[in-house]
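Down below are the structures I want you to see.
Look at the two complexes coming up: chain A is in both, with chain B in one and chain C in the other.
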Partner chain A sequence: MIIITVLDLQQVNKKYKNQQVINNVDLRLDKPGIWALVGPNGVGKTTLLNCICNIIPTNSGKIELLGVSNKEYKVFQQISYLQDNTVLFHYLTGYDHLKYVCDIHKLPKSRIKEVAEYVGMESYLGKKVGDYSLGMKQHLLVAVAIVNKPKLLFMDEPLTGLDPSSAILMRKILLDLERQGTTIILSSHNLAEIDRVTNQIIFLKDGKLIEIDRTEHVETHYHFKLSNYELGIKVLNDSGYSIQTEDKVIKVDVKEEALDQCIQQIQNSGIAILDIQKEVSGSEKLYEEYFGKQD
Partner chain B sequence: MMKLFLFEWKKILKKKTTWVLLILSLTATIGIYFFHLSLANNVEQKVINHYDFLINLSLESAEDSRLAKEKAIKEEDEDLIEQATMEEEHYRTSVEKYQSAKKSYVDEEWEVLYQRELDSLETYAYPSQYENAVFIAEGGGEITNFTLRATFEERKYMLDHKIDPFIQNTIYDMYLRTAYEDFDSKTLEIWEEMTDRYGKQGIYYIYQLIQSLYIPIIILLGCFIFGNTLSSETTKKNNGIRFHQVLPLNQTKLFVAKYLTGYLGILLFFMLMIVAPLIVGTLMHGFGYLDYPVLIYDGYTTEDMWKNAMEDTFHFITLQEYLSKTVWFALAMSLLIYSLYYLVSQFSKEPIFNTIIIGVICFVGMQFQHPYNPFSYLDIDKVISHEIQLETWNTDITYITGIMIMLVIGFIFTVGNYIRFRSRRTN
Partner chain C sequence: MKIIQFEWKKLWKSKAFIAILLITIALIAGLFTRNYFYQDIVKTQKMEMFREHSLNVISQVDADRDTLEEIGEGVDPILEENVELGLSLYRKLQELRAAVDAGEDLSALQLENEAYELAMQYLSKDKRYPLTEIEMQDEVKLNEELLQKELPKEDLQASIQPAVFMKQVMQLLFNTFGFFILVVIIGTPIVKEFDDHTIKLTYGLPISSHRLVLSKWLSMVLSGAIWFGLVLLAAYAVSTVLGKDLANPFEYPLYTEQMTFITMGEYVTQSIFFGLFYLILLMSFFIFLSFLLKSTLVVHIVLLILFVVNFIMTSNGVIHPIIPWSYQELGQAVILSETASWIGAVLSLVLTSILLLFAILTSKRREYR
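What follows is the complex of A and B.
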């Protein structure tokens, strides 16, 4: 079986003055999905992502992305990195940013409109970024990151500082991308948000990575918003799913691998799925195991 | 590459600060022109007033002589009558002479004035005996024979080619200031007042700007406005460089696009800062004369490298030739200053601080004149006119050496910039 290595870190080190931020890190991700890079503030999550994306140099080690060295600039044809909003040019419009990225990726202009509509920023696409709110900037960063339909997407704190509607949109985008086969590595310290998008966690502690797959240890729920709430409850109950309801949202306890079947059953009953969100619980407990209880 | 380049330009053009600084710079340079113009007008008025003063003085003297003559007639004093008649006639002639000179000046009949100057200068510029080849200027200084000869030849050239002069604060000979005078205190003050020139026409004004270190100053100002294509994107508030770094972009091309954008910006700014006052000057008082003679020192005639005002020679080049040399020189200089600014800006992010640093480096560098010191060549006028060779007793400081040195050092700094840029990312 041929395994495509999405990310391969070998003996990676990064030191700032006397502080060893990344300490002989080895990591190999072979399967797609969403991976959360978790650790307290200041532990080096952003540094690690910056090293992986060759924004800052490592002191030693080898990094490969999709089987290609991260020093090869062409690797970014299939990779994106959502950084913080200081990378944006406040005197340019969102359109200017997207046009430039499309030009570099040799994508048609129509992709700008497409992606702007997808992230819900078409109404302010022509405004200067300096006039954007935090959420708007985050939308633009997402648009920039996904415009090239990346196979591997790094996201630095994508869920931080978002208002509820933006957070919902962001989760939807993450799950959409995951379904499309994009591997996402996102850094975050927001465990509740992580629980809603993935159960694959990489802890960063003392410069070392600890890879955890919580699939066997955590509960995965999907929240459905359906066009016919009552019928939806009936269909799911009849199909033997364990469900809970709250504010016209049906919370279904279903494993990842059974999700497609569940969706098909709902759709076969003539019910449209308006929204779908993932929730994984149990991160906090794991976090406390590794980092101790936070006050 | 072109897309990168256009994006860099878009960023520059969409920055408000770029436009604010451009407008301020243009306003300043045009404002300086009008200030210069008002000084020129004042000087012109002073010259006319001086003529009026002399005319009135002569008229009064003539009237006094007439009254003296009337009195002498009553007293039947023949000697006094004859003396007073002669004096009156002399003053009447002076009145006519000054009125005629004033009319020529007001009507800009320069050929008449040039001829009069040539008649007056020839004796001093080319005396039969060297011992007599001095002229006592107002204030008591001696004008060197070199200056007298240069002034004479300049006037002769201007008469032959029908060229309008600069405005000068004198009704007598409009001396050309040269490097040969060595006046001090009060004499120097008078000499400078007499020989300060004011160009009202567009190209004359540009010539004067070049003499005032205008070109290195605007290149530095251009660096301040356009030379931050990299440094402005590597601050804590704006980390835009990282926007590019995660795109499939060749980093060398990114550097070239950023570097060239800044350099092109400076060149365009330079052109604008030259063309704007040129247009304003031309609209106000005409273009001027491209065949205006610019003095070039031929250097020392003595082996001990000492100025010999009697023997040292000179020649003139046209203003057109001077300006074309200046353009090539400015191109080399812009590369030198820009590459140095860019290098400094890769370590320090604050444009004002960087501009001051480069200004200080240039100023200090100018103090240590040496053929291999690129900053020795910042005063373009002194290099083209060879005045710098007289000042430093070094004939190796030449126009060609200057261009070569500035290009070579500019290229080295450019490579340094690239190495620094690459080392940030790949260590």
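What follows is the complex of A and C.
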């Protein structure tokens, strides 16, 4: 079976005047899924996405999308890039934008209605973009990005400016697309939202990319409330578990597969378990590890 | 074609293009109205001019008569001849004034020629006349052409004769000012895409650089052609419906710089031909500047400087039919010679191709601020 590399960056460099924004970056994504590109403001996330999508040129390096150079415009028949809302023409309607994109992709007009309904913007499709709210613009951008059913989708801050219901819709869209086999690379500041849609994180730091599978770094803690707090601490300490206590709750660092054994040991000591709660350390902890604690 | 449709949608929805079309129609209608009410003034001015000529002549005749009275008859036969010639010229000018007043256009032309023939003889007798011999010869030649074609003489700056009015409109609009306003209005929605970053929407789509550049250029050319066509159509329509009803208005003769004649029909045809070639070149230049400089303000400033420099050059005689940018002053360029220059058209196309090629190459460097 031939595996087509979804994204392949080789020795990619981008410099603005004296600032090296992207520094000899290598990245290869072979499997589909959702990838989050994470980094502080101004680190170069948008620049990297712009370089990948050939919106701006790189200084050196090679970029391949779905096995084809990003300089080949035809590859964008299968790729979309959701950019910030400055790309929208304020004096045109949402319909005008979608018609333009459909025309370029040679898609039937019926696709406009289809995608507008899917993202929930059919009621204001005929209004001028200048009259749209931030969330409405984001919906239009999503519609523009997915109208061609892309195999590879880049999204620059898709979760910015969304109200809770739009955020839920966006999450649904992302997961739907992932299920349909679309590979999504999204940049975002919203670490909590990222945790809800993907475990695959790419940190951008000092112009370099660090690819992380969050599941490998995840720390799962279980919070126990026991009938005998002191005895519980002794039992767990004697069994070699790493524990922390707070307000009569014992926080045990235990992996999922060892949980049953831990429960067995507590119960064998004659202690009743009153409550168990699971806590998974998210991207935020990883982010702090890489970029330091943010004030 | 789909991108052109989108570019047109942008242009129409930006409203500036509609505004320039409406202003153009209003300007043409206004000019025609002004000319219409100017007809009596033109006639009066003409009569006044010939009255001044006749007064000039009769004052010299009176002076000669006084001299004759002093020296007595038969002493100076040359002076007597001059008096006779002066009186003939004076009478001819009076007849001419009466013909102009009566609106007998063709008779007036004939009388004008006869008057100028006498005036030239009068000048040869060391007498004075308000026109030079060369000026009168030119007028005689023009009048002969008009008589041959049975067309009345028109004031080129205040006529309601369809062909002459069209020339006036073309002179008013197809010049440095008109072309600059046109290209700025048509081109701004295109270059502005770089300022507000909306170009990135298109850059993210499967469109080749050459398709992108050519589509934008073609949409500009078509929009320019629409304005160009509207000017001609509006001028023709208003002057044909409300102006002078003549059988062959486009046969009206027009002097070239080389003092040969072309007809108004030839003038209009050549203006359309070279005007369109100039639009093709101008739009490619704008597209090239847009993709190169990627800033509305900078593009407009560079364009303004080049237009002004070219205007100064053409005004100072650096104008030739084979230089494509001479057509910035279209009317001047067309009447430079009797025959149209194909070299100018071919050069326009060559330059257009080069500029578009550079624009395509520049578009591949998709850097912008």
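One rule holds in what follows: the second predicted complex is superposed on the first by the 228 of 295 C-alpha atoms of A that agree within 3 Å, B and C clash if a C-alpha of one lies under 4 Å from a C-alpha of the other, contacts with A are read in each partner's own complex, and residues count from 1 in each chain.
Basically, contacts are C-beta pairs under 8 Å (C-beta built on N, C-alpha and C of every residue); 3 or more make two chains touch, one makes a residue touch a chain.
As the structure is a computational prediction, the values presented were derived from the model and not from experiment.
Three-chain overlay on chain A, with chain B and chain C in a clash. Contact with both chain B and chain C is seen for A:I104 once the two complexes are overlaid on the shared chain.
By the document's definition of touching, both partners, chain B and chain C, reach A:T86. Once the two complexes are overlaid on the shared chain, A:D96 sits against chain B and chain C alike. Mapped onto the common chain A, chain B and chain C collide along 347-355, the only clashing stretch among 59-67, 185-193 or 347-355. Counting contacts as defined above, chain A residues 50, 53-57, 73-77, 80-81, 83, 86-89, 91-92, 96-97, 100-101, 103-105, 144 meet chain B in one complex and chain C in the other.
Residues of chain B that touch chain A in their complex: 3, 7, 10-11, 14-16, 236-240, 242-243, 245-251, 425-427.
Chain C meets chain A in the complex at residues 2-3, 5-6, 9-10, 13-14, 196-198, 200-201, 203-209, 365-368.
Residue ranges on chain A touching chain B, taken from their complex, read 50, 53-59, 71, 73-77, 79-81, 83-84, 86-92, 96-97, 100-101, 103-105, 144. For chain A in complex with chain C, the residues that touch the partner chain are 50, 53-57, 73-77, 80-81, 83, 86-89, 91-92, 96-97, 100-101, 103-105, 144.
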